[in-house]
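Two complexes follow with subunit A in common, the first pairing it with subunit B and the second with subunit C.
Let's look at the complex of A and B:
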């Protein structure tokens, strides 16, 4: 069931690629750069966030006014606020596309679980940062979100109360609340960059930026949106009043919308369940080893005697799975006799792609499942048996 | 050298080996179990884990063993499952083609294709184009005697006796 659904989704993803590649050159297909786009929007968020940070006053009485001042009095303040708002939405959209694409196209298998797991943490933090960002505005919507968030946390047995107090900064609203929320907005945003290090650590040349065209288009789209549909605050938050109808941002505020008609504990549990499933995905074996065929060819092995320490495999491995160590003894072949370095494959990073084999001119690497001798034998056999065929 | 369009053999089918990335185009509907294309039985496909897995010397050896052409199929550029395999292979292929040109082998006998999992139609069209190109080039030259020992049982029967080596200087810059 899961397998068939994923196969269908993979088919759909690749069909979509073919359609997009008809419009754009393949090097510009935006779906090939979902990760880079996410990173780009994060960068826009950080820059615009620093600008907003200079004007924001985290206080119950001045918080709302400071944002209104930024929007209406500061040159380009409203525009930058809008850019911050819309690139946050774009960030989540790009991150979700990145997740779905890599899931549907099998890019989480073998040792590629570490980008997947770190990505799950980043998604969780991203949603949290978005929610706290909406609270910082301190209008009637902010108050409703904070109240809902408080309810959600308090519904967790045993520790819920402590969490809620951590979020609000003590028992109930107070002067500590907005500084606390600001910390919870900026702190996790910085933590995203630590997690990004984990996300990239096994990648040799991560594609962290989209092509220049898409950088400009993305910047243009968020700027245009910010100019055409400005981000505005509601009425100032007045604790004790119940807000009227509030437009909820589906990308960040879905849990709070659900909390409107579901018991808080159910919402918390379903969120937790969703993320638990997310953490399990890379460990569910979609296909049997046999069905994986040559794809599951085993971790690359260095043929010690042939390795000359030339570092070609080290430079080409896309997963940093090859490290060069000082050679403890000379190699056996003539080219390897005076080597200074020896290539070593880090098993836990190898995704069994065999790119190091193509990189090695000295026949010093092999995939156990697909031996070089087997490939060359079949190639020569194909040529010699075929003969000149009459079509 | 044969003139463009008309080969002496008419229906001569070039012997071609294709190395296909297992994540790229699916061939179970277009090829037999042993990898022979149904529509072009002189083309044999060998599946590999990634196009970057292919060592360029294998392609050279296959040509030396008597193949009229060799091609590699990777995923669409930008969408390699292993991130960079097809770009790396394209670079290695360019280097190999320059090397072959110096050895008087026409680089047009090598091709790098890129097709996704469900692009069988586009893939077959590209194979057809490649075969047409090979028909224009004519059969590969008979292996030169000075070359190291090889395993081909017999020299290609269609080898043009008048032109011992295919001139490569016009094969592209």
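Let's look at the complex of A and C:
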């Protein structure tokens, strides 16, 4: 049932690609750049966040006023605040599209598990950073969110109270509260870049940045939104008064909104369950190796004497499993005699796919469990099954 | 140039005109706004956003026209690095 649903979603994704490719040149299909767009919005968030950081005062008495000053008095300050606000939403939208696309197209299994797991951490951190961003505005909504956040944390058995004290800076609100929230906003945002390194480390050709067309259009859309529907603050937070209802923001405030209807522990457990599913999904409910056609061919090995250092295998390996090192001695074959580089396979990264063997014109790579003659036989067989290509 | 090419070229000119108008709006806002210019910041911001979108769409149309080519990184992916590293 799960596999059938996933296959249907995969077909839908691929048909959508084909439909979009009819309109745009294929290298400009925006769905190919959902990851790059997420990265772009993160970059916009960091730049606009640095600007806001110069004006923000993390104090219970001045926090709200500093944001109002930024919005109303600083030239184009309100615009940059709006860009920060809408880029945060766009970041989550792009990240969710990226997640769904990779889920539907099976790009989260086997060697793709590390981008998936790092992506789940980034999504979790992204949601947390967004929620703390709402609190920093320090208006009536911020107070309601902080109260709800405190309730959610305190509902966790054993460690909940400690977490809540860590968030608020003690038993109740105090001068330590907003500096802590600011730290919890900026610190994890910096950690996102460490996670990005983890996200990319196993990918040979990651699309880190979208094409200029989509950079300009995305920047334009968030700027236009920031100008037309400006981000505004509510009334200043007044601790001790009953907080107002939390407006629904599906990207960042959904758990706090749900906490208004459900017991806090149920909300915490639902969130934890959702992310737990996300974290384990690459390892469960997948087809067997045999059903997926996985061969256990052994890690690729370089035939030292034949390697010319041409780097073709290095460029072709999708898993960054081949590195080029300075050759300590010349190769044995005539082509390899004057080589400058030597290919080395990183065992822990090799998935035994055999792509490097197809890439090498010098017969300098092999899979120990599969003879090259066998690969050639299978390739010829596959081509003959496909039949002749018609003009 | 075929019909679709002419259409794309006309689109580029139209978008360039819209972009110029938006730039004019920003300049007018700065020139004729109140001394603090606060009242026209949102208008300037909207015009700036529109300029970004217009320039992005111009790039898209130029790409469809064939005036600009895929970016180097894309071509490098397709050519397995041969763009910068010739096959020996």
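Just so it is clear, the second predicted complex is superposed on the first by the 312 of 391 C-alpha atoms of A that agree within 3 Å, B and C clash if a C-alpha of one lies under 4 Å from a C-alpha of the other, contacts with A are read in each partner's own complex, and residues count from 1 in each chain.
The rule we apply is simple: a contact is a pair of C-beta atoms (placed from the backbone, for glycine too) under 8 Å apart; a residue touches a chain by one contact, two chains touch by 3 or more.
None of the values given here were measured: they were computed from a predicted structure.
With both structures placed on the common chain, the touch criterion links A:89 to neither subunit B nor subunit C.
In the superposed pair of complexes, A:380 makes contact with subunit B only, with no contact to subunit C. Of the two partner chains placed around the shared chain by superposition, subunit B is the only one that A:105 touches, whereas subunit C remains out of contact.
In the superposed model, A:62 lies in contact with neither subunit B nor subunit C. Among subunit B and subunit C, the chain that touches a larger number of residues in subunit A is B.
When the shared chain is aligned, subunit C comes close enough to touch A:24, but subunit B does not. Shared-chain residue A:355: touches subunit B; no touch with subunit C.
In the superposed pair of complexes, A:213 makes contact with subunit C only, with no contact to subunit B. Once chain A of one complex is fitted onto chain A of the other, the partner contacts of A:311 are limited to subunit C, with no touch recorded for subunit B.
Once chain A of one complex is fitted onto chain A of the other, the partner contacts of A:15 are limited to subunit B, with no touch recorded for subunit C. Comparing which residues of subunit A touch subunit B with which touch subunit C, the overlap comprises 27, 205, 316, 359.
Partner subunit C is touched in their complex by these residues of subunit A: 24-25, 27-28, 72-73, 75-76, 78-79, 82, 205, 211-217, 219-228, 230, 308, 310-312, 314-316, 335, 359.
Contact residues of subunit B toward subunit A in the complex are 9, 11-13, 15, 17, 19, 22-23, 35, 40-42, 44, 46-50, 52-58, 61-62, 65-67, 76-79, 81-85, 88-89, 92, 114, 116-119, 139, 151-154, 156-158.
Residues 37-38, 41-46, 48-57, 59-60, 63-64, 70-71, 74, 77, 80-81, 85, 87-88 of subunit C touch subunit A in their complex. By the touch rule above, subunit A contacts subunit B in their complex via residues 10-11, 14-15, 17-18, 21, 26-27, 29, 32-33, 105-107, 203-205, 207, 293-295, 297, 316, 318-319, 351-355, 357-361, 367, 369-370, 372, 375-376, 378-380, 382-384, 386-391.
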